[in-house]
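Per-chain numbering from 1; labels A, B, C, D and E assigned in written order.
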Amino acid sequence: MSLEIGTDMNALQATNEFLRLYWAPLLCGVAVVAILPLIAGYIVLVERKIMADMQARLGPMRVGPHGLLQPIADAVKLLIKEDIIPDNADKLVFWLAPVLSVGAALLSLAGLAIGPAFQIAQDINIGILFVVGISAMGIFGIVLGGWASNSHYSLMGALRSSAQLVSYETAAGMALVSALLLTGTLNVKSIVEAQNKEGIWFVLLAPVAFFTYLVASIAETNRAPFDLPEAESELVAGYMTEFSGFRWSLYFLAEYTNMIVVASVATTLFLGGWLRPFARVPWLSFLDFAPPVLIMAIAAYCVLRVPKQPTRVQQLFMLAVAGLCFVTALVLAVPVVLPIIKPSVREAVAPFYAGIHGGFWFIFKVSVYIYLFMWLRFTLPRYRFDQLMRLGWHFLIPLSIINVLLVGVALIVGAYFHLQGWGLLLVTTPAAILALVAAFFILAVEKGHDARPDQTATSDFYVG
Amino acid sequence: MLDKILFYFFAGVAVGSAVLMVTRRNVVHSAILLITALLATAGIFLQLRAEFLFIVQIILYVGGIMVLFIFVIMLVNLDVALQQIQFARQKWVALLVALALAGQVGLMFWSSRKMPGQGLPVLTAAAAEHLPANSEEVAKSLFGSYLLPFEIASVLLLVAMIGAVVMAKKRT
Amino acid sequence: MGPQHPSTHGVLRVKLKLDGERVIGSECIIGYLHRGVEKIAENRTYQQFAPYVDRMDYVAAVSSGLGYCEAVEKLLVVEAPPRARVIRTILTELQRIASHLLWLGTHALDIGALTPLFYCFREREEILKIFEKYCGARLTTHAFRIGGLQYEAYDTLEKDVERFCKDFESRIVEYETLLTQNRIWIGRTKGVGILTAADAIAFGVTGPVLRASGVKWDIRKAMPYAAYDQYKFEIPVGTTGDTYDRYLVRMEEMRQSRLICLQAIENIPSGPIMGKVGKVLKPPPGEVYHAIEAPKGEIGYYIVSDGTVQPYRVHIRPPSFINLQAFDRMVRGHLVADVVAIIGTIDIVLGEVDR
Amino acid sequence: MADESKEPKPVHVPTGDKPASSTPPVSTPSGKPADASAPAAPPKPPAPAAPKPPVVLQTPLDNEFVTRFRAKFGAALLEAMEDRKQAILIVERARLVEIALHLRDDEKFDMLSDLTAVDWPKRDRRFEVVLNVYSFAKNERLRLKVLAADAEEVPSVVGVWPTANWQEREVFDMFGIVFSGHPDLKRILLPDEWQGYPLRKDYDILQQDTAWVRENLGIESGQ
Amino acid sequence: MLPIGHYLFLSLALFIIGVIGVVTRRNVIVVLMSIELILNAVNINLVAFSRLYGDVAGQVFALFIIADAAAEAAVGLGIIIAFFRNRETVLADEMDLLKW
């Protein structure tokens, strides 16, 4: 699709020419921006439910059956709430900050490919880099937000969170570099193809990179043990203190979109985007049936729950949810079942199959990744700011740089023996082990020269 | 057609925000305006099919240097400096200098119109499709013919980093 | 940090002198919750004053009640019957577990761990149910009377306590897996708020804070009261006296309390629950100082009687008030984030600090 | 005085209307033991029943510790007695710090559990500052008493036991006893500009905060 | 790809604005920012010509300029912070002492 349309056309012809060429990305773009608040809302609901479940309580149950309507109630509440602007705050910047934050988050979604078919910005040559770059813009939203509400506390919170973001971005960048060594290209689609060709997910080839990226991405979205900026105890709600109502929900949306972005980058790069697990293993092809069966089970469960709902309207709602799940199960089943019934129609169905199933698996992996975020959030206490920075600078960044080195060396050796796919494991696993040895070495050095009373050993925080 | 629209849009934004940046009293506003100017130039890089540079500009310039600027502005919290007058007395001298500069370049443009020989190279650029993939191209030449400058640049960055750290360290 | 700061366990205002992030000095401004309990005591009879004692340390009301009743019994030179003493021991130990659970929950929440709070409150709920069945109240129980008990133990008391103790062991293991080995928890607590043994004694600190600094002293062992001399239990002692040691000491104390309860419910002696105490108490003139081991430390009652129905002077030695003195020594040189952790680890209740 | 909120029980009117509690009107607060209507006298031998004169449980105490103490301080030890098996030493006010140092270093009383005061308006030296010390080594408690008149200063023991800091401030806050040598003697529980010392016997329980409320809030206190 | 004149004119405009900024503004930080703007103008030229001649060397050189701009900004801001900490001001006029 050449960008250059004949320069001599008049305006009208140009516009419909433009539309003809770019209707797909425009449509996807609008879809994503519209659906995202809903998705973010439901992620919040799921998070509160899981948190409750882990804490031996029920979580939101009041609005709609099992609190399913809770996000809508939250959204309405946020919209209605009065929008306070602190006096002599910087009006322009106060308005701009949340917009910038959300804009950066949503824009970086454009570069990602949900399924082979569904990608907003078709094959950007610099795919992953584009996503990382744009999400780096989110820092401005936070910093300017803190500055605009010109209260001392939120300024400190803003400075702290942006310092944290900047330092963990380098760590995340380095982790991505070591993964990109394996793919060789930046383009999102070709990364997944590369994993498909190799027949192995890159998480197995570069486990340390995946681990560092996981830690860095948690820190980058200000969540779980790294959510110091809005640590209630010292600076109340950090840079978000002065924002209320709709503005605050923009920040909230930005945080959750960032979480989705980070999760999908990890999925594309490490967990083989929209590939079905063991995509190329013939005898495991029955896994194709897994998605429809799974959704059908959910639908059945909903139907079972219908009689238990207290009021009529909740029963109806539950029925609607069951119906929805049933339809999705059908949609997923068609491309799988049809070729078996009528082998002739296989080629026609193939793109549909790839698109729909690919989409399912991608969303499935992203939700597993996000579940990990939530799980960490409920179990781990919070880092102190200096520990947080020390973990970032003294441990994560050197570890990821060493890892880049080792993966590079491993690849050269691999190429020398021209190993392929699972063969590569022979080379990359020793590289991973070497990286871990380096990690413990960094730790030993760390423990050694830090004898100050409040110094703490911060090895990889997965222990415990 | 689309190219023309894009270029004029980005050029307009760039020049507009640059002018505003220079004239704004509030430093934070001028920082934000500089960011928009940089983003506009990134847009122009994109229009010139230099994607790698587009993303490097965003990550390095906007995501790195401007964050540094904003940090320093916050740390130095300039409301004390706001009250002082922002513009040096020699405002008019500067305008004069700028006009002279503009005049000279304008003259060069104008004269090139007349004399075909030494005029602007009127080559038509290669069409967009068969341009080689940009980042691979940049990588090849960067690590191919320009390896030495690459190393020197890294040394330069190292020196700058150490300098900045030493300079900004608290004199404890 | 203003009086209504979310993590100061009540109305405590702390003025911090900061150098950047580090704390150089601190001053606690208290008195927001001062109700003049000691003045009221001089205008009430001995029995009427008992409920006031529960309102001081509202988290460990049973133990302050026990302290007061035993002090007055000492004044009257009267001994509570064995059955009453055993039931008192059981309820006090349960109250100790409940108080430590509340401490663990809020302390972990201050440092950022969300889940332990809900686990702790789930167990604490069980204990409060037992209190409610026994004496009708959950928090300020006023469970004991001078000379013995008011209410006979309800029939399923042994079974309830046994059931609670049985599954409490697995619950403690749950907390331990969440926190003890947790690298971030260790990071936030090890080496924070160190109090050496000498400082602890100098500042008159008592209870788990003192034991965490390495001083092996517990009134239940040193001067046994109620029925503590009949049971075997150890005193957990820390080494460095930092927040992590205090955490370990309190966790171990919960285990020991559980053992005491188990030993106690095996044989609750039968017999009267009320000692030889008349309706009107007129202790012979004189004075007494009686101290017991409350969950926060040594709570002491100095009662002077002039022979009338009303005590002439009642002075209460509150453990939180005196432990809080050591706060300034512990907080120096730490970061603002640690101040919250240190306030949590001293485990103060403002009702008791201000009286 | 409309005292609806608090229970009407003015202190210095001994025979005011009693709350409907069943206890008979209290006779003059002289040390009259339980009157006849008390139920069966406590059978415990040491606390004899009503007929005996008021049993004073305070018996003079002289064990080897007291002799050692007397040998060292002689006149400073005014009286040594034991009340309900708890040793009490009444010592001279001036030499309190010296005695405290001696107790802490030689006698191993290394912890000051409690420091408080009692107000006996009828005595000439009305205030009795009470120090409860405890020895970890000997697992023993000892009570030191110092008598001080209204304006007299009591030497502060903060040097010996730092824990006395806040406790002395509280005694000053409640009784008005000035502790000489205390690092920063000011009110700890009550607002700084509070007049009067609440725990003194002559301080009526009812009109506590009228002055403070009128001054700070400009309204009449509701007491 | 528009004729090269447009890009030259654009970079000239930015360059001039940058120079004006450097000369007129008293606040050192804004001066630094204007320098960034000037460097950016130069970049546009480089990329335009690299696109015109199809040789990617221009873009590589632009990369080096960005690296240099980063180094320069880092050291420049370091100086400003050190200066601000001692003299409490960020205005160019008051930076008249070589050694304070």
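Quick note on the criterion: a contact is a pair of C-beta atoms (placed from the backbone, for glycine too) under 8 Å apart; a residue touches a chain by one contact, two chains touch by 3 or more.
Just so it is clear, the model here is predicted, and its values are computed rather than measured.
Between chain B and chain C, the least number of touching-chain steps is 2. The fewest steps needed to get from chain B to chain D, moving only between touching chains, is 3. Relative to chain A, the chain whose mean Cα position lies farthest away is D. The most central chain, judged by the distance from its Cα centroid to the centroid of all protein Cα atoms shown, is A.
Farthest from chain E, judged by the mean position of CA atoms in each chain, is D.
Between the chains B-E lie more C-beta contact pairs than between any other two chains.
Note: centroid distance chain A to chain D, computed from Cα atoms, is 68 Å.
The distance from the centre of chain B to the centre of chain E, with each centre set as the mean of the Cα atoms, comes to 7 Å.
Between the CA-based centres of chain A and chain C the separation comes to 47 Å, rounded to the whole angstrom. The residues of chain E that reach two or more other chains are 1, listed in rising order. Residue positions of chain D in touch with at least two other chains are not found.
Residue positions of chain C in touch with at least two other chains are not found.
Shown here, the protein chains touch in a chain-like sequence that does not close on itself.
Touching pairs of chains, sorted by label, consist of A-B, A-C, B-E, C-D. Contact residues on chain A toward chain B in their complex (touch as defined above): 2-9, 14, 18, 90, 92-93, 96, 124-126, 129-130, 132-134, 136-137, 139-140, 143-144, 146-147, 155, 158-159, 162-163, 166, 169, 186. On the side of chain C, the complex with chain A involves touching residues 6-7, 21, 108, 110-115, 117-119, 122, 178-179, 181-188, 190-192, 194, 333-338, 340. By the touch rule above, chain B contacts chain A in their complex via residues 1-4, 26, 28-29, 32, 35, 49, 51-52, 54-55, 58-59, 62-63, 66-67, 70-71, 74-75, 77, 127-129, 133-135.
Listing the residues of chain C that touch chain D in their complex gives 30-31, 34, 36, 38-40, 42-43, 45, 48, 74-78, 201-206, 215, 217, 222-223, 276-280, 282, 284-289, 291, 298, 300, 302, 304, 306-310, 312-313, 315, 317, 321-322, 324-325, 354-355. On chain D, the positions that touch chain C within their shared complex are 9, 11, 21-24, 26, 29, 31-34, 37-40, 42-44, 46-47, 54-58, 83-84, 86, 88, 110-114, 116, 118-119, 130, 132, 136, 139, 141, 143, 161-163, 165-167, 174, 187-191, 198-199, 201, 203, 205, 208.
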